[in-house]
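Shared between the two complexes below is chain A, which has chain B as its partner in the first and chain C in the second.
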Partner chain A sequence: MSRIVLVLLGLVAAAALVALPAFGGLATLNLANKIMIAAVFALGFNLLWGQAGLPSFGHAAYYGVGTFATIYMMDAIDRGGAFPTPLLPLVGAGAGFLFGLVAGWFATVRSGVYFAMITVAIAELVSALAQKWEGLFGGEAGIRSIRTNWGPLDFQSTGSVYYLTLVWTLIVLLALYGLQRSPFGLVVRGIRERELRIRFLGYDAHRVKTVVFALSAAVSGLAGGLLAISDESASMVLFGGAGSAFVVLNTVIGGAGVFLGPVIGAALTTSFAYFGSSLSHFWPFYLGVVFVVTVLFAPEGIGGAILARWRRVRDGAGPLIGLGDLAGLAGAVLAMAGLVLLIELTGTICSEAYRAEIASLKGVWPPVRIFAISFAPLTPWPWLVGLVALIGGSRLALGAGRPILPRLFAGRPGPRADQTRPGESA
Partner chain B sequence: MLDVANLHAAYGHVKVLNGVTFQVPDATIATILGRNGSGRSSTCKAVMGLLPPSRGAVRIGTRDLAGLPAHEVARAGVAYVPEDRQIFRNLSVEENMILGMKAGRSGRPAWTIDELYDVFPRLRERRNVKAGFLSGGEQQMLTLFRSVLGNPDVILIDEPTEGLAPKVVEALAETILEMKRRGLAILLLEQKLAMVMRLTDRVFVMGRGEIVFSGSVEAFQADDEIRRAWLEVS
Partner chain C sequence: MNANTLKLEGVAKTFGVVRVLEAIDLDIRQGERHALIGPNGAGKSTLFNLISGAFAPTSGLIALNGTSIGGLVPHALNRAGLGRSFQITHVFDRLTVRENILLAVMGRFGKRWSLMRIGPVWAQIAEETDRLIAGANLAAQAGKRAADLAYSEQRAVEICMTVGTGASVILLDEPTAGMSREETRHIIEFIRRMTEGRTLVMVEHDMDVVFTLADRVSVLVNGRILVTGTPAEIRSDPRVREAYLGDGEH
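Showing the complex of A and B:
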């Protein structure tokens, strides 16, 4: 029964994706492209994190290498090379794989924090190299190339790029799903659970981790290749810390423990950035808040929360949406509104533009307009309303939702109990 | 056959093994007895490549495994069932078993998941349950089965009966005897005597990083002096 529902849902989603260019505008297609690229990148990252339990905080390196390699191949095609354009993402994947093989061999010598530090160091190394080596990476301006048609296939329109990206995204999804269910995937999950035991069972854990790292880098490089096809350019900005951070954000918000979690996270944050950046200067701050709230109250991510809810309904343990959930949702919306009010007010009155306005009005503070409503920043009311909404909404949301915070703290001994030394106690 | 000869090992400057020598022939159950700190677990770790021996040999057949990394020792046909079980808690029972599967090196009939389920049917009932939800005894059986599925020639089992219900001990003993029938060299590490005495063919007693007694069960039971000096807590 539930399997049929899932298959039907999948078919509907596939049909919607195929039909999108027919009714979506250019902006929609561009957004969809960005989401799919971010999703493939996050899926690659999560192969390492969710499956092998290895947190890489420098994955932008493999993404960027994939982009640059693909741009160079596009250039070669433009000059008369015979490589088929639809297979270009494989160039990014190949570059990511080779680089990942070398980097992964070093990084996976260690686990946990040390592993993460090595990945950051490698990413910084590549980033510094990209800044210095203008001949290869094109300096500030970056490098560009163009898509070449291949046989009967035309790749000039956004729609054609969309379909190419869609096909590759589906290929990656299927391949990673197959990998996860394969015996190799089982060994990888075993490494996440207990690496030592995996060695006792006769597996060379370091070799397995190196291969997983390289595969993860290959998928990231493939995402970079898709970006190259879509943007027809690459620059050293790709290697910056933001790229590495965003993929972590996407994966955590979507849920590392759920196969489609990174896709959910990529769709949400990419849309958030797309719409949020036109609404507010402070959208990265709100994204950060979403990240922190997710880690605190839904550590399994949105995907994990959906899965838990679905299981609850399936087992008959509760309704899909209860009264408590509605109250919690209302509280969350209220808290969000309060937070937005406070942040926009503070942000605006601290901005250069606002200072200039005060100066031009000879010391009078003009009203701050937030979503077509004017607020007088020098009266206490907007601030009070914002604070009350934030605190009241949070309390409502916490009370109605799962009160995780008290449980988090109840499980651990307080600092006083820890610090008591023999002889000190009365 | 497991042949350990003059094995020395140390943690930094602290010597823990001072020339350990013993053999476990095929189709034999041997038991190393000894107090805590006598060097039993260190012997295991040295054989498995976790504690690199400074001197000596660990031979399976004619091949010397001393100092090889753990996964190569495992591939050479040595399985290790640790005291702390080390199951993959978030994988299902069956996935745990599948991870242990490995082709054997000798021509013995391969173990199958189904026949092991027959020995301990409770695990068949719970095959799709995450292993972290199993009871202690079920986890112990799962660890043992996972090791057996690698079709080893030699198996080291650390404190197999620690804290187990009698029924589980029964299934455990049955599995160990079946291993013996199939020709494995089995080495048990125990603190308590009762259970192993009805299984074991040979007894080794360890003290201060050496084998201080080696002989049959009868010889061991006749030797009050050894028991008093090296095993009984005064």
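Showing the complex of A and C:
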């Protein structure tokens, strides 16, 4: 029964994805491309983290190498090279794999924090190299190339890039799913659980980890290749710490223990950045809040929370959405509104532009407009309302406010009662 | 030609200036169950770690079936035919019981890099895995995560894994540590059954376990083997009584 539901959901999703260019505008397609690229990158990262238990904090290196390798191949095609354009992401994957093989061999000598430090060091090394070596990486301006059509296939429109990206995303999804379920995938999870045991069962753990690292780097490089195809450019900014941080963020928010978790995380944060950046200067702050709240209250990520909820419904242990959840949701919305009010007020009155405005008005503080509502920053009311909403909403969301509510929610499992154990996998 | 499956000759281990083991000679015969006993600090654990490859000996020879294994890395040791269990249970917590044991059996059949379960060997692997699970009375638990098992069941999984790698020599580090009398009785019976026809070397504190399970016993005192003999010989040996068993009550 549930399997049928899942298959149906999958089919609906697939149909929607295939039909997207028919009804989505250019902006939608661009967003979808960005999401898919971030999703592939996060899936590659999570092969290493979620499956092998190795936290790499320098994965931008492999992503960037994939992008540059692909740009150079696009250039070669442009000059008459025979490489088929649809297979370009494989160039990124290949470059990521080779680089990952070398970097992974060194990094996986250690585990845990030490492993993470080595990955950071390698990424910094590559980043420094990219800044110095202008001939190869193009300096500040980066390097550009163009997509060349291949046979009957035209790659000039955003729609065609969308389909190419979609096909590769599905290939990566299927391949990684297969890998995870394969006997080799079992060995990889065994390393995550207890490496010493794996070694005493006759497996060369270092070699396995090196290969997993290289595969993870290959998928990251493939994502980089998709980016190259989509943007037709590459620059050293790719190697910066932000890339490495975002992929961790995506995976944590989505849930490392759930196969589709990184995809969920990538979709959410990419959309958040896309819409949020046009709504507020402070969107990275809000993203940070989402990250912290996820780590604190849903350590298994959104994917993990969905899975836990689904299991609860399946086992008949509770409804899909109870009254307690609605109260929690209302509390969360209220708290978020309060937080946004406080942050926007503070952020605006601290900005250069606002100081300039005060100066031009000879010391009078103009009202602050937030979503078409004016607030007087020198009166206590906006601050008070924001604080009350934030605190009251948080209390309600955390369940602390429930006892003061009527018996409405008595006996209902709260939103915190359904957490899975850390790291539970799908 | 060589009846001694595991042979130690003049094995010594020094940590800094501390000499933990000096000149250990030990012959473990094919198919026997050999227990290492001795008071705390005698060097049992160090000796166990040397044989199982956790440390390399400072000097001396450790040979398995006639080839030196001193200082080999764990996976090479395992492939040479040596399996070990751990004093603190080393199961894969978030994998199912079946997956735990499957990992051991897969490796034995050389399927360490398989992406698919294709070919007749996988039927054999499944059969062997099921046989081990049934042998450990874990059939009903096969789909549970190892972390959700009772302690004694985890020990059984641990021993299944050690046996499942197909090792000819099996090292058990205090297999009954932390178990009740009842559980101990079960696990001894289980070890006896599972290691039939294999060579067994174990470190064990529980004298009842040692005297019921072992064919021969070596007593380690102050980094040296004091005496090796059958349980009866050890029990009646005055040096052992003095050095280790004390008044004989344990």
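We adopt the following convention: the second predicted complex is superposed on the first by the 399 of 426 C-alpha atoms of A that agree within 3 Å, B and C clash if a C-alpha of one lies under 4 Å from a C-alpha of the other, contacts with A are read in each partner's own complex, and residues count from 1 in each chain.
The rule is short, and it goes like this: a residue touches a chain if its C-beta (ideal position, glycine included) is under 8 Å from a C-beta of that chain, and two chains touch if they have at least 3 such contacts.
These numbers come from a predicted model, not from an experiment.
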item	value
Clash or fit (per the criteria above) of chain B with chain C on chain A	clash
Contacts of A:374 with chain B and chain C, given as first, second, both or neither	neither
Touched partner set for A:351, first chain B, second chain C, both or neither	neither
Touching partner for A:178 - first (chain B), second (chain C), both, neither	second
Chain B versus chain C as contact partner of A:189, first or second or both or neither	both
Contacts of A:201 with chain B and chain C, given as first, second, both or neither	both
Contacts of A:157 with chain B and chain C, given as first, second, both or neither	neither
Residue contacts with chain A in the superposition, chain B compared against chain C	C
Common ground on chain A, meaning residues reached by chain C in one complex and by chain B in the other	183, 186-187, 189-190, 193-194, 196-205
Parts of chain C lying in touch with chain A, wherever the complex brings them together	52, 73-75, 77-79, 83-84, 86, 90-95, 99, 102-104, 106-108, 111-117, 161, 165
Chain A residues within the chain B interface of the complex	183, 186-187, 189-190, 193-194, 196-205
Touch list for chain A against partner chain C, complex	178-179, 182-184, 186-187, 189-190, 193-194, 196-205, 208, 423-425
Residues of chain B defined as touching chain A within the complex	48, 69-72, 74-75, 79-80, 82, 86-91, 95, 98-100, 102, 146-147, 150
